[in-house]
Structure formats: structure tokens, C-alpha cells
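Look for chain A in each of the two complexes below; its partner is chain B in the first and chain C in the second.
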Partner chain A sequence: MASVVNAPPGEGVVAGPGPARSGWTSRAAHIIVIVALLAVPLVSTPQWQAIAVFAAVSAIAALGLHVLTGLAGQVSLGHSAFVAAGGYTAIWLGADKGLPIWVWLPTAGLVSAAVGLLVVPFAARLRGLYLAVVTLAVLFVAEYLWDLWDGVTGGSKGRAAQPVVLFGHDLLDDVIAGPFMLTGDQQFFYLACAVLAVAAIAARNLSRTRTGRGFAAIRDRDLTAGVVGVPVARMKSAAFAVAAGYAGIAGALLVSYQTYAIPDQWDLMLSVEYLAMIIIGGVGSLRGAIAGAVFVTAIPQVVTLIAKVVPGISTTPSAGGGVSVDVLANCLYGLAVVAVLVFEPRGVAGISERVVAAVRRKGRSHA
Partner chain B sequence: MTATTVLELADVTLNFSGVRSLDGVSLDVREGEVFGIIGPNGAGKSSLFNCVSGVYRPQQGSIRHRCREIRGARPDRINALGIGRTFQNVESFPTMTVLDSVLLGRISKQRVGVLRGMLWYGWAAREERESRAKAEEVLEMFGLGALRDTRVGELPGGTQRQVELCRALAAEPDVLLLDEPVAGMTHDEVESMVSAILDANERLGLTVVLIEHNMGVVMDICDRIAVLDFGRLVAVGTPAEIGANPDVLAAYLGSGAQADGA
Partner chain C sequence: MDNFLQLTFQGMALGCVYALIGLGFVMVFKSSGVFNFAHPVFVMISAYIVAALVPHGFGWGVLVALVCMAALAIVCEKIILRRLAGRSLYVVIMATLGLSVMGQAVVAMAWGVNPRGSTEGPMGRGVLRVGGVALPWTGVWIITVSLVLLAVLYLFFQRTRYGLALRAAADHHEAALAQGINMRWVQTISWGIAGVLAVAAGVFLGAFPRRVSPDMVDTALGALPALVIGGFGSLAGAVVGGMSVGLLLVLGSGYLAEYGGVHVVLPYVAMLLVLTLRPSGLFGHHEAERI
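Right, the complex of A and B next:
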């Protein structure tokens, strides 16, 4: 009995679906890829630095939806409402009360998770399309609330958000040390990546424990799940709370980076974007959720670059004639969602797995 | 016959919008026995299991597990009390690995919640290791250890049934409800399943209730058998008594009075 648990903790004992056990070389490859990605903002233009920050922050929210939809199978169109709840909690604590990031960041997650639990009495009874409609209703109620509650949200005009101050240094101020310079965007990017890393590891751990298996059970067969011993309603509550908590933390970082928040930004479109992220990345894949966040965030900028070469795309909102960048970007990621659903339901994660497998085969046949 | 009663059904009645699926069924299952339930299709056998495991809530009657009323309790609570079950149409989780499926079955024994699970430290990691050891132990009983990382959906039906039984056993139940455990199995698979059931009964001391159409198996391994027909209990007795009971033959073959329309 003891012989099977001799593997070191966190290694062989970790049960979980996924690609074949990664060897030493593929682990090294992972590290190289991650370091390369982290280095990108150091050498890129300010526009791309900003996109990198938005992508990292969106990825945190997308991970929340990954837990709720990818792992537990519960669809939500209300994700942006929870992002907003976290954002306004952070503004209230950070800007109005002057509390530091150590307080407002975790509290934003906790408050948003608590708000997420409010959905549970409805969510536990409904599934599929009906659940989607309820979460849509939550979103609309929240949008209305943000407009009315101007003491916190500043009403429809919006308001300034809290800065990130670490050890007396405003993170958005550039740091210059001799010949080296770290822009505010770069610093914020690394903060967001640190939070993202913690969020990703926590999500991965969760998927490998009791709760993760319970999530998978209610996703695949929620009637059987109960008989097998899964407390179905409690698992659904947990999934909503975790998703909302992640959204809240993302919201707190988002408003801080924007330096303002307006009620209009927490709309249905934002919720749909988060859904698009996890679908494009591959539903159920943690890395896919992050890749999808990068993809969806980067598309408008990519389209702007294309617009300089291809005629018929207007880069200014008011200019007549041609398709605007926003519209084209939305069309593109809409197309990407459809393409993924039709051609590779496992999304970017599935595609990359296939590419890696193909490269390995090729390498072996050449050797 | 001084053995204690583990499962006691009294006057259990279940209606589906006017259709009576179970009609005043009363029976006792004693500690440590293998109890068979037989009857024609639609007799209410699976409905009876669904009432005991909390999927259906019967309108009348009482269901007691070791003197505790469980009628209408939530399925996961009933599972946690020690009543495990398998399904007639295998209810496996096709995308999970064999090991994960069995670990899932252990969920009622696990305590680590969301926050500790996220940290994967201390108690959470220890609980996973303990659960994994237990799951491996159950898989070894069936010689399924080599398949631990295979996805359940890729396995043949007979093996999926075995995995489902492992999943139920992982919760360390004291009563096992098996709904047609050898249906659709090859001769060899039937033999290994029967020996696994007897193992669970004799070595682990589990009380087994099984629904089965394979009369050879039922007559062979059951201590007592109950016969259901049209939701009513027709007879209860030893295999020999049941084999000689005219009412049972009537239920299966149709007596003169009932078979007129057929």
C-alpha cells in the first residue's frame, strides 16, 4: 500500500488528466518559452506593453471563467459584473480609504467571491441555457447598479481609480537606474504576471484535488455526480465563488492600470470576450485560457497594424467609409470562436499539442 | 436469523404522475448477505435502487439504513452514510482517467475544501496521497492498476463496469447496490466480476444488493432473492424457495389470468 506513494510530493502523486508526463527536456522548453514571453515587453513599443498588461490582467479573469465553465461546466454571461465588483471594491478601499494594495487586492477578490455566491441559489437549480439567462440578468442588474451608485462608481461619467503603490513607489512611474529604464507599463506587467502565476498555480492545484474532481463530475453528469458522493449544490457554489474571486482580483488590477473606471465598460461585450478567450484557448485548458486572453486582447492592435497596409480599414472612429478597427477586430475573434468550435474544439491548447506531437515525431524519424 | 438489518424498506410507494412504479414494497436486507432482486423489465427494480440512493423520493413509506431514516435525503448524503451504487447503463466519466474516476468515488471521505485545495500544502497534499493509495489498492483488487492513466471512455464496456464498481468501493461503503453488474459481459468478465463481488462480500464484509437478469449468477451467489413484478413484491426467499415458487413462475412466464392479452 505504501509502495505506490513513494514518489516525491507534487510529482508522481499528482493525479490529473493532461498530456503525457513531461520529461526533463520539455520542462526546460517550458521555462524557455515562459522567460521569452516575460521578456517581450522589455523590447516592445509602449502600445504593445499596454496590450501585454491588459492581456495578463484579462488572463486572470479568464482563469476564473476557466474554473467555472471549463472545469465545472457552468456557463456564465455575467463575468464582467464580477470583474466590476472587484474593481469598485478596490477603488473604494484604495482610492477612498487610502488602503494599500495588500488590503485592496485580496479584499477585491473576497468581496467579488461573496457577490458570486449571491447567484448560487438560482444557479444551483438551473443548467445550460437557463443558467446562462440568469447570469445575463445578473449582468444587467449590475450594470444598472453601477450607473446609480455614484457614491462609489462616480455615476455614468466614471471616476479615478486607486494607484498601485509598492513600498512608497507608484508602480506606473518609470524607474531609471543608470542606462536601464523600466517603464510603468513594464512594472505593471510584471506585477500582473506575478498575480497571474499565483492564480494559475492555485487553479491547477484545485483541479487536482477533491474539488476539481467534483467539478468535473458535475460538468459531465450532474445527476450521477450526486450518487457518487459529490455535493452538487455546494460544488456549484464553490465554482461560482472561485470564478468571481478571480474576476474580482482582475478587476482591481484593471481599474488601477486604467487609472479610472466607467460603468459602461462592464457590459455584455466584456463578458463575451472572456468567454471567447476560454473558447479560443480551448475549454478546459488552463494554458489555453491564458493563450486565449492574449489572443483576444492583441487582436485590435494587430488589426490596427494591418489597417496601415490594407486599404478600406479606418483607424479613426469618426472617419467615414471603410470598416472600423473595432468592428473588424470583433469580427475576427468571432470568426476565431467559430473556427475553433468547428475545426478544433480543444482550441489553441489542442492545436499546440498536435504541433508539439508532430515536431516530436519528425525529430524521432530524422534521428 | 439474528443478523442485524442493514437496510429496511417499509411500504415504499413511488408514483410518476399517476403511474405506480413501486407499490408498497417492504423488505429487509441483513448484514453481510448477498441479496438479489429479480423481476421482468419494468418491474421497478431500478426505481427501487433510485429510491434508496436518493435519486427519487418515494411518496410513501420509509427507507432505513441502520435504523436511520434516509427517504428523501440527498444522494451525496446517502453515499456518505455508506451506501454505494453502480448503474444499469454504466455511468462513467469518459474523459477522466481510471485513477481519477476511482478518486472521485472517494469524495465523501475527503475533507479538503476550495482554499486548502488551491494551496496544495500540508493537509491537502496528504489527503491526496492517502486517497491515491486507497484508490490504487481498490484498483489492484481488480487487477486494473496498469490502466490507471487510461481514459475511461477508451475502455470496453465490461471494464468500465469494473471501474464503476471500484469507484463505489473507494468510498468504503457498507452496503453496495449493484444494478445488473454483469450485463453485456463476456463469459470471462462475468467470472471475474462475480469473484470480485464475492470478494467484496466476504473479505470486506460488505452487504451486497444486486439486480440481475443472469439467473445462473443470481441463483449461484445470492443468499436470498426478492422478486418484483409491476412494482409489487411477489416473493422473498432463498434461491431454492424462489425457484419452486409458483407466483414467481407466473410473474416471469405469465399465468393464465395475466397472460390473456399477450
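Right, the complex of A and C next:
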């Protein structure tokens, strides 16, 4: 047990002669990493391009849960209902009314946020588990409504969604300029990333406002927050509205990228997937939410690659049983959620922090 | 009128199943503070095990399922959920949802997503005629066995030392520890009982709509509104809540068929109503909390 002695935790050994990282180099490093990540879809296969788009869109929805769960400490099992609300608003405005993206994208967020305010009468009276069960009820009622309301949703068969048209150009059409080609997926990826960037900056800034501090207070102990004057019910409702707004914008982009929407896709499983994203990324970490979205979205594709090497995994879903890619991917992400919660509650964010700290310690000991 | 009586009977049978599922949630919640979102999957897995073993004998199937599910529940508690004690609400919810996702995936690997045969076994498909009302034998069996199980549970809690220990542990964790009650043992027992209740519910749920399928998870989740309507934590609450949900589902599907699948959401709507009027459920009581 001697190893306990020579392993001082974390920041206790900063006094070494290693060069302190200035704000400038750290920012430059960040920019390089971000540019490198943004360039990935330019050189990847179509499958990975699609994954990149789905990851970026899901990350927007995951940011909503980041605000709700990570900042305000509330649990929502109904997130996919709000994604659907935004998606159907966008379909109604974009496809049925023929309005441009400048209208349907923000409106999708606003309408979904308004739907999110439906939990207000419950947020004031209920806490914790009861509130989580209410969000579950919202999900099931919404699922029923999507099936029934076929004027907008196309009923159980689903319907086509609106295209994204920017300056008269359908974003999913390939652009060819001389030797260069930008596929529809790549263009959509950059649009989604632009929206994601705005969403992420807004979420970060929100956490530093009075409202954000209020969220933190009710997360840490809602009774205490109420005693020191934080309007608990209003804060909870605001958190739900913001989360639903993010979900709505993600939903609008999602249906337009899919080019269709079916009521069956907005189920509990989708909600659990969004929750899994913020858990795997690390609850309370904004970058973690985005990393978690990439992780969860990429699992099926990674399993497909594994299936090429490992025998016994069928690549087509089978109704009769057996190990197939989609089922194995589900199993893996369930396992990832449980493993993260048990072994590293801070998720990918926590793991990367540990790695960075370890690398720095090593660098110092060599210097 | 006959139709109404028949539907009411079926609703009560389904209500008994929901009461059993709800009790599975409550057992675990009271003893370890974990709200086990994987319980519906336990119910589904036990139904699949019994359905797979029915050709070899119904009794064997139930026996194997009982052993497997009690073991599975205890293993989940010992390996995963014990380590999460005292953490935030979302941690426990997500851990059990993660288990649920894994469980559904494993079932899909083992048995596929197509519906399987039913688990009725010796309960048979016949009907018992009382006047003009046809009561399916499965329903009669479900109500009888559920009532017996509930009575046994009640006696266990009220009349035995072990039941007393479990009640004390649920009432006040630290006071129970100070009395020398072994909390690990208490939790193992409660998770084991929850596993056993899951088997009973699985067999009945697989026999009553005569279908064992992955949809059972969503069906079993209907015990959640039942619990909220009744209020967490009391046996009477679970039974009353389960009965209301069973009746709502069956009467709703009988009389509101023209509105699509509205009966599926009726329990949730009822739950929202109860929560607006009585936030801690019909039988729950509001607890003051120390800051």
C-alpha cells in the first residue's frame, strides 16, 4: 500500500518549475481543437458525415438537458416530447405554410418552450421523483397526440418535413465548385454547428446570470434556496422552458435533416438517449454534454465497424433474436451509462480532466 | 350491463397485476431509496422465461423465473445500486434506466422482438359463466393469487420479526441501524421480494392479454401512475392505485375505442389530476423536512 504515500492528489503539486499556461496559448489550443473537429466531416465517409450531423443536432437537445439537469438539478423523462413539439412546429410553418428557416427555426424553439411551461402548475408543488413522473406523463400524452393529430403529424405513417433553404439554395443539395465539392451532409453539419455554437454560448452565459445562480441554488438544495429568497417554482419552470426551447430547435433541425418525421420516433427511448448523453459526458459540464452527444450517436456506427471484424454480429436488425448491430449498440450505451455513474460520475469531462492532469504531472516531473 | 360487469372484472384483474408491479417498486424504494425504473424489465424478463419454459412445464418455468429474478434483482442491488447510495435523484433514475435499456437489448438478443406465446399455463383459456357474465379463468386466477400474495405480504410485514425489521428500516434508516438491524440484509431481502413480485406480475401480464412481447415494458410502466395515484409507500395505496389504473385502462379501451389508443394515456391524465389536487397522492402523507 506504499503507493498511497507518493500520490498527492491533483493540484497539490503545482509548485514545480513547469511553465504556467497563459490564457492566450490555452485559447489558441482550444481554437485548434475546434477547427480540427469541424474539419473532420470534410474528409470522412458519408456514414460518418451523417453521424456528425445527428451528433451536432442531438448536442443542441442535450444542451437543453444540461441546463435542466446539470444546472438546475431537475430530471426530465419527457425531453423527446419537446423535441417533437419543435419538429412539428417547424414542419407546420416550413412545409405547410412555406415560411423560411428564419421564421420556423426560432418559432420552433419558442413554441416548444411554451409547451415546456405546461409543467408550471406541477413544478410549483412537486419535487424530485414526482416531477420526473410528471414529465413521463407529458411524454406519453404527447405520443398519443402525435398519433391522433394527423393534420400536422401525418398520423402513424408520418409525413415529409420542410427543407432547409438558405438564400434560395436547398442545403441538402451538393455544391460543386471546380475541384471542390461540399456535400449536403457537410453543409447541414456546418449549419447545425453554427446553431450549436450559439446555443452553447447562450447556455454558458445563462449559467453566469442571476437565473443561472438561482438554478444552481435549487439544484444544490431547493428548500434552502427557497429560504434564502430564490423563487423556486419560477426557477424550475424557467429551467423547463429553456430546456424545451433547446429541444424545440434541435427538433426543427432534426426533422428537416431526416426529411420526414414519424410519431413513433419520439418515444421514451429517445428521451433516455438524451439523458444518456449528458450522463456519459458528465452532468454539469457543457463540453461534456456535446461530447456525450457525439459518443451516443456514434455507438451504432462504431458497432457496425466492429461487426466487420468480429464474427457473429449481424448488420441487419432481426425480429427473431440474435446479436445484431442496433441491439448491441443499445446494450453498450446502457452499459456505458451504468459504468459512468458507478466509476466516474463526472463522465467524459472528468476522465479528460484526469488525463490532462496526469500528462501535466508527468511533464513536470521530467522538466 | 353484462358488458360493464365483464369489463370491470377484467379491469380488477389488470389492477391486481398493477398492484403487484407497484409493490415491487415500493419494496425497493422504501428499503434503499432507489426508484427502480428497471422493474418493468424484470417483469418482462420473467414473462419471457416462463413463456420459454411452458413447454417443459409451467411449474418449472415459474420456479426457474423466481430463482433467476430474485438473483438478478439482488445482484443489481449489490453490484450497482449499493454504490450509488446517497447520490442525486437523477443518478439513481439514470442508472436504473441504463439497466432497463440493457435488459431490453439482452431480451431482444435472446428472444427477438416478435411477440411470443402466452404464459397462462394451467390457468387455461376457458371462461367462468356467472349469470350472463363471462369471466375468463385467467382473471379469476390473477385476482385470487394476487389477493393471497398481498395477504401473505401483509402478514409478513405486520406479524413477523423480519417484516418489523423491514418496516423499521424504511421508517428511519439510522434509528434502525442503532437497533442492530442489518441494513445490507434488509436491502437484499427487499430486492429479492421485488424480484419475486416481478415474476408474479410477469406471469399474469403475459397471460392476461395473452402475449409476451417487448411492449410489456411500457405496459408495466403503467404501475407508475398507479403508485402516484395511490401515494408511494402504503400497501393500501398500491392496491387502490393499481385498481384505478386497471379499471381506467380496461373501461377506457372498452368504451372510448373511437378515440384511438386514448385508454393508454388515461392513467397518466388521472395521475396529473390527482397531483394537482393532492400532491402526495390519495394515501400519501406530506412529510415535513429539515433544512
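Throughout what follows, the second predicted complex is superposed on the first by the 340 of 367 C-alpha atoms of A that agree within 3 Å, B and C clash if a C-alpha of one lies under 4 Å from a C-alpha of the other, contacts with A are read in each partner's own complex, and residues count from 1 in each chain.
We take it that a contact is a pair of C-beta atoms (placed from the backbone, for glycine too) under 8 Å apart; a residue touches a chain by one contact, two chains touch by 3 or more.
Since the structure is predicted, the reported quantities are computational estimates derived from the model, not experimental observations.
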{"item": "Touched partner set for A:147, first chain B, second chain C, both or neither", "value": "second"}
{"item": "Which of chain B and chain C A:283 touches, first, second, both or neither", "value": "second"}
{"item": "First, second, both or neither for A:221, with chain B first and chain C second", "value": "both"}
{"item": "Chain B versus chain C, judged by how many residues of chain A each one touches", "value": "C"}
{"item": "Which superposed partner A:132 touches (first chain B, second chain C, both, neither)", "value": "second"}
{"item": "Which superposed partner A:177 touches (first chain B, second chain C, both, neither)", "value": "neither"}
{"item": "Touched partner set for A:241, first chain B, second chain C, both or neither", "value": "first"}
{"item": "Doubly contacted chain A residues - partners chain C and chain B", "value": "221, 223-224, 227"}
{"item": "In the complex, chain C residues that touch chain A", "value": "35, 80, 83-84, 87-91, 93-95, 97-106, 108-114, 218, 221, 224-225, 228, 259-262, 264-265, 268-269, 271-272, 275-276, 279, 289, 291"}
{"item": "Residue ranges of chain A in contact with chain C within the complex", "value": "69, 73, 75, 77, 121-122, 125-126, 128-130, 132-134, 136-137, 140-141, 144, 147-148, 221, 223-224, 227, 268-269, 272, 275-276, 279, 283, 318-324, 327-328, 330-331, 333-338, 341-342, 345"}
{"item": "Complex contact set, residues of chain B against chain A", "value": "53-55, 74-76, 79-80, 85, 87, 91, 93-97, 99-100, 103-108, 110-114, 117-120, 124-125, 127-129, 131-133, 136-137, 151, 167, 171"}
{"item": "Of chain A, residues touching chain B in the complex", "value": "1-2, 4-5, 9-10, 13-17, 202-203, 205-206, 208-214, 216-217, 220-221, 223-224, 226-232, 238, 241-242"}
